[in-house]
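Following this line, the structures themselves.
Okay, so chain A shows up in both of these, paired with chain B first and chain C after.
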Partner chain A sequence: MSNPAHPDLAASGRVYAGERSRLRDNISRFVSLASIVALLILFTAMNPNFLGAPNIRNLLTDISPILAMSCGVALVLLLGSIDLSMGSIASCSAVMLTLLFGPLGWWAFAAVFLFGVFAGLLNGVLHAKLKVPSFIATLSTQSIWQSAAYIISGGQPLTLVPGNWGYVNWVRAKSLGPLPLGPVPPLFLIALAVMIVYHIYQSRTGTGKTMMALGANERAARLIGLGIDQAKIVAFTLSGIGAAIAGVFFAVKLKSGIPTVGEQYNLIAIASAALGGVALTGGRGHILMVILGVGLITVIQNGMNVVAVDGFWQQIVFGLLVLAAIYMNSDRRRRDLVVK
Partner chain B sequence: MDKQGYSSPIAREFAQEMARRNRIERIVGLAPVAILAFLVIVLSLVADGFFSLYNMQSVLSQLSIPLVMSMGLTFVILLGGTDLSGEGLGGFVGSIVVLMVLNTRTNLDWGLWAAVIGVAAGLMVGTISGFIHVYGKMPSFIVTYAMASVMAGFAVLSYRGQPAMSKYEFFITLARGRFLGIPYLTWTALVIFAISYVLQEHTRFGSYVFAIGDNERVAKNTGININRIKILVFAWSGLCIGVAGVLGAIRIGRGEVVIGTGTVFPAITAVVVGGTPLTGGKGGVVHSLIGALIVTVINNGLILLGVNTYYQAAIQGIIIITAVALSVRRGRKVVTK
Partner chain C sequence: METHSLLFSASKMAKRYPGTTALNAVELEVRPGEIVGLVGENGAGKSTLLKLIMGIEQPTEGAMAMRGEAYAPRTPIEANGMGVGMVFQEQSLIQNLTVGQNVFFGLEASYVRCGFLDKRRMYEDTRKILGEIGIDYIRPDKKVSNLDFATRQMVEIAKVFSVVTRRNAGGNLILLDEPTSVLNRSEVDNLFDNMRRMAAGGNSVIFVSHRLDEVLDVSDRIYVFKDGRNAALLDRKDANEAILYEKMVGKTVSGEYYKEDRQAVPGDEVLLEARNLGRRGFFGGVNLKLRRGEVVGVCGSIGSGKEDLCAVVCGDESYTAGELVVKGRVERFASPRQALKAGVLSIPKERREEGIIAEAPIYENIAMSNFRAFRRFGCVSARLERENARRRVDELSIRTPGINQSVGFLSGGNAQKVVFARILSSDADVLVLNHPTRGVDVGAKEEIYSLIRDITASGKGMILLGDTLDECIGLASRIIVMKDGLVTREFDAPAGAKPEQLEIVKYMV
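Moving on to the complex of A and B:
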């Protein structure tokens, strides 16, 4: 490229580099989509019921909480930060919701939503204002909310008393007013709405665009006067809300509040976002594409259940998936890159 | 030159500023010792039976695992990285060790070799994490977080859902025995501490770790093989986690993944509270020893005061956030991710 006698060569080199980076931007999406199709075929071949209407309904129900969580964490990943507290925020929300139906009725949903706002806000303030690195701040709040979930529930799974089932029966609705839903569960529609709202917020508002900009280059973003702290706090708050919504989903789906229900979902949500093409280094990714990662993860999880693979394999597979997804998305071109 | 021997007012100002910073740093460095003394005094007054020989021995016994874990973690944090693999890896090592000594599940009876193999397994997994972190250019916390999940899966896989019970006499002796009033497990931890101290203070490896943590680019330009040192650090951390896993197996006598559960958080707390900032380059294993004592004394005191054990993790969380928030560099130009 540095050969002055061949300016065309230099130009073609640059174009080549550009195309290669565009390919890399999309590689995890292609891999995710191709893997979903391949796995759907594989699992259907192993068990023909896999693509039956009941299992599709199961799949979409399983997707819903993961989707709500991963869209939230995707915003945080765009900053180049991480949120490890989602799992226990979800657990705490599930436990709270189960208990609050009694005193609050329908307002229980609002209370849990507010809890999500608060938990996310706390992460955001700790990170943006006190400058605590996000992984340690959220690891600590993860521990705090996990303790809270245990303390509120007394360490036992809480079952929803039959008197309060009226608040959660809509989960099984087969139609939306006159509109038949077929195999699509209402939870999935809510999760989809969360994803679309988060996407529009991220791509259309100033604060949302700031998240992307500061993930790509925080110093530059600060120099041109963008509201860095505000964008960070909003991203963490939206992540907290996503986690609380996931907790609500767990509670209404299982008709119970289990204090450990969200435990394994931290890794699953991060893996989903990464498989959807969100780079852990920040500044690169697309919220709508996160659904591909969520789909892949859920198909693997559900497929392993359908073909009856032992549960502990899932931990191994998800751990390796996270490593693979992040490897695909990480930027290794810059030689002076300092990775801690 | 003026009376004090400075060539210019700027030089004098600089020297005074540096002296002032050194003074502040020395005072801050002593803070963990003061906190520990304060805790011991308060708990002796408030908690019945805290200041007794029996309880001091149980504090020392509870100290062993957090101390060993924090020794490996100190080097990783000195680099500016993190190792979160302890939960899964410690559980894995503990599980396979019990499967290899005289036990209720397998016919193996390899005695102490089982412990050696367990520690070697920890070393190997740590090395793998280091490789992935260095050559994959992926942040260490996420590599080790994923590794924890993978190893927890392998741990349950190794005993297929039914944990083995150890029937190995020597482990039972180790778990209960004392030398000079200090439990054997704590002696093991103190040996690891001594090795860590020598590594940190008297080897080139130790100085390189500080150099890399202080400024990686400068260290690289002076010709230090950064990648090799980083992998060695993660290998050392894996080895320490392996030792902690073996100690855990000896303590509970059952090879189960829960040996690792909840061990990483106290270790991070110990390192950070002891005075090694997450940004690396400062602090060291002596600080972490004080930090581990603080964490153990707090947990012991909470139990004696009859506080619900569920509060322990939450209190540790608050301590970590406070310690990190007090130790980070602020200012508009600092970028924290």
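Moving on to the complex of A and C:
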């Protein structure tokens, strides 16, 4: 019988995807930015201390780990894939860093970085080479690294012994050499640097551009002669590095390695990227815009604390917000709303 | 029932897409109880016309009438309601349901008893329907996935037939788009018997096929389409294969059209060589040499293995027998990327799905097969990409408001030129062109032919799967003909001494 979902129909509907999606990108950027401004005004009106220097420092400190994670996961989302293991990679990194200061000193940072590379590489190879769907691959590694974090820490939060505080005191630095930082914490500067490096990598290298192309049309990207597998592996690796950096942030900020510290941040990072205009179906988004999504989410979370919204209600507001964000960004003309 | 001298008529039908005209001033008339054959080359407009009749797409111009009344369906379901049904080229049965469930798919409501589906009654009715068109050997409770292709095709026809006859007792129109491509001879005969039986019951059939002998066998009248227009209308008694073929391809197109005078004389250096190349289950024993400046045309019907040969050469599939030698080195490509590194790049058949990134701007698409060439300080420089794109857009006269435009906006011809621009910007010198003028209008076709001549003149070699046989002969300097996975014949096709189409067709079928 006549099949309404005839392939030619779908093809003709997709021809003009370009213009609408560009419009949608702009709308989501505008909405994110406008909502941040509106919320800043609202929270300041409710509590004038909201925009005081101490709280700005808080805000920017909160933004930092989420930003590092979001930029990493944004690359994976551009592929049309997903990374669910970031939270536990971050937890594991935090625990490892706390323990490694003893034997390794400053090299502990490098060791944790390498761990991030390894964990991300593992996800990438599982997905690109062994063809495991990223959802399954990263769900599995998430569980592995979560357990690893518990085992390494003995299931307890580890506190950094005062003898090792020397390695983390820079977190509270108020100036960079002669340059005063004001309310800007050093962690935020690092996160910003991560974002810029990721952005340049994504938009200015062949592998980075391949990520975007393959998210938009994998079949074409393959036949064009682009390195599909390489782009996938690199994206997951950068996501792992972003997660490890976030883990380091948690550890140095709290002076402790908590084995569950990253848990809730995985979905927050994905939601932030989506709020920043990265399509969960892949092939559309801009790394620099991710900061808007992260900013919006952090302002809401922090603001609800400052104006003393009940903790349980906060989760409801947060959930609704994420739904609204994804709704605005989802491409409803495409039928394949499936995570690769 | 009221009778009309015509069951269905379409007049001055036109369908234009941005940048290309698929159908222009086409007329079609179908009498009650008649089987009408529809033939034409790829892109002649047969499928487009069927889509308009089925309401899948809307005509740009023209009017249709069914049983004397104005007929303008907006959806296939509406068309079904008016007594028009179509069997698609692709099988549209749901594989994990039974025959009966498929036949009554979407109509289960009339078989509900006490809130449950009365399968027994549904299967009884299915048996009746299958019996009506003479295929009662199929069990209604069998899963479609357990049936062979031919039987599925018959079920599909039964299903369409039941849908259109449900509301209209007689005088329905059934469209069959290439129904015989998966059937063997006795199944085809069976299908034709069924078609004749439907026609005897006052229904009419429009039958589209590439196999001219079948069209001649079963049709009462035959419409020939060419380039989106009516080329001829013949009664069966006046037609034979040679006449139909001539009408389909028109007068033998002059060598000028294909820029034959600019056909390069092949050099000596062998760019690519296939030695006894094979892929199990698809093709085997292919020997082929491609020299600099040469265009090797590969001819064959669907399923001849030419597409698979193409896929192997450009690294999309791997081979299982023989050797593929590129510039003196035995290669075994694991991906198109490796092929590209060895200098082999393809222009794929499905442009929108395989050849371009529709969302990306023109300048990026052009740079994509060779990011390395646009690097500065270790990064891909958008400025270099743009400079190159601007040059290529001028060179190939790509009509676009700007190089930042998404390729998805361009017409078929211009999008294809972007693909050519990408290939020219790469280092590849073995090009695999798979239907390079598919869905491209006539003007752009000529420009592409001229481009192909330029590219070969610069010393690159090409393997060409022509969109039409004529095109393949016109462009190629050598032609290999494939049938059932084997090379049946090789022809030399120097400028001015091209082989005849019928000569080649003999080795294709």
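Assorted remarks:
The criterion applied here is as follows: the second predicted complex is superposed on the first by the 310 of 340 C-alpha atoms of A that agree within 3 Å, B and C clash if a C-alpha of one lies under 4 Å from a C-alpha of the other, contacts with A are read in each partner's own complex, and residues count from 1 in each chain.
Here is the rule we use: a contact is a pair of C-beta atoms (placed from the backbone, for glycine too) under 8 Å apart; a residue touches a chain by one contact, two chains touch by 3 or more.
Bear in mind the structure is a predicted one, so any value in this text is a computation, not a measurement.
Contacts of A:Ile233 after superposition: neither chain B nor chain C is touched. Touch criterion met: A:Thr205 reaches chain C, while chain B stays clear of it.
Residue contacts after overlaying the shared chain place A:Ala191 against neither chain B nor chain C.
Looking at the shared chain after the overlay, A:Arg219 reaches both chain B and chain C. Which of chain B and chain C touches more residues of chain A is settled by the count: it is B.
Contacts of A:Ala74 after superposition on the shared chain: neither chain B nor chain C is touched. Using the contact criterion defined above for the overlaid structures, shared-chain residue A:Gly283 touches chain C, although it does not reach chain B.
According to the touch criterion, the shared surface of chain A, contacted by chain B in one complex and chain C in the other, consists of residues 219, 222. By the touch criterion stated above, chain A contacts chain B in their complex at residues 79-82, 84, 126-127, 130-137, 139-144, 146-148, 150-151, 155, 218-219, 222, 264, 267, 270, 280, 282, 310, 312-320, 322-323, 326-327, 330-332, 336-340. Of all the residues in chain B, the ones that touch chain A in their complex are 79-82, 84, 132-133, 136-143, 145-154, 156-157, 161, 216-217, 265, 268, 272, 278, 280, 308, 310-314, 316-318, 320-321, 324-325, 328-330, 332-337. Against chain A, in their complex, chain C makes its touches with residues 51, 54, 56-57, 75-77, 79-80, 85-86, 88, 90, 92, 105-106, 156, 159-160, 163, 314, 316, 335-337, 339-340, 345-346, 348, 352-360, 364, 368-369, 371-372, 378-382, 406, 408-409, 422, 426.
Looking at the complex, you find that chain A touches chain C at residues 1-4, 6-9, 11-12, 14-19, 21, 200, 204-206, 209, 212-213, 216-217, 219-229, 283-284.
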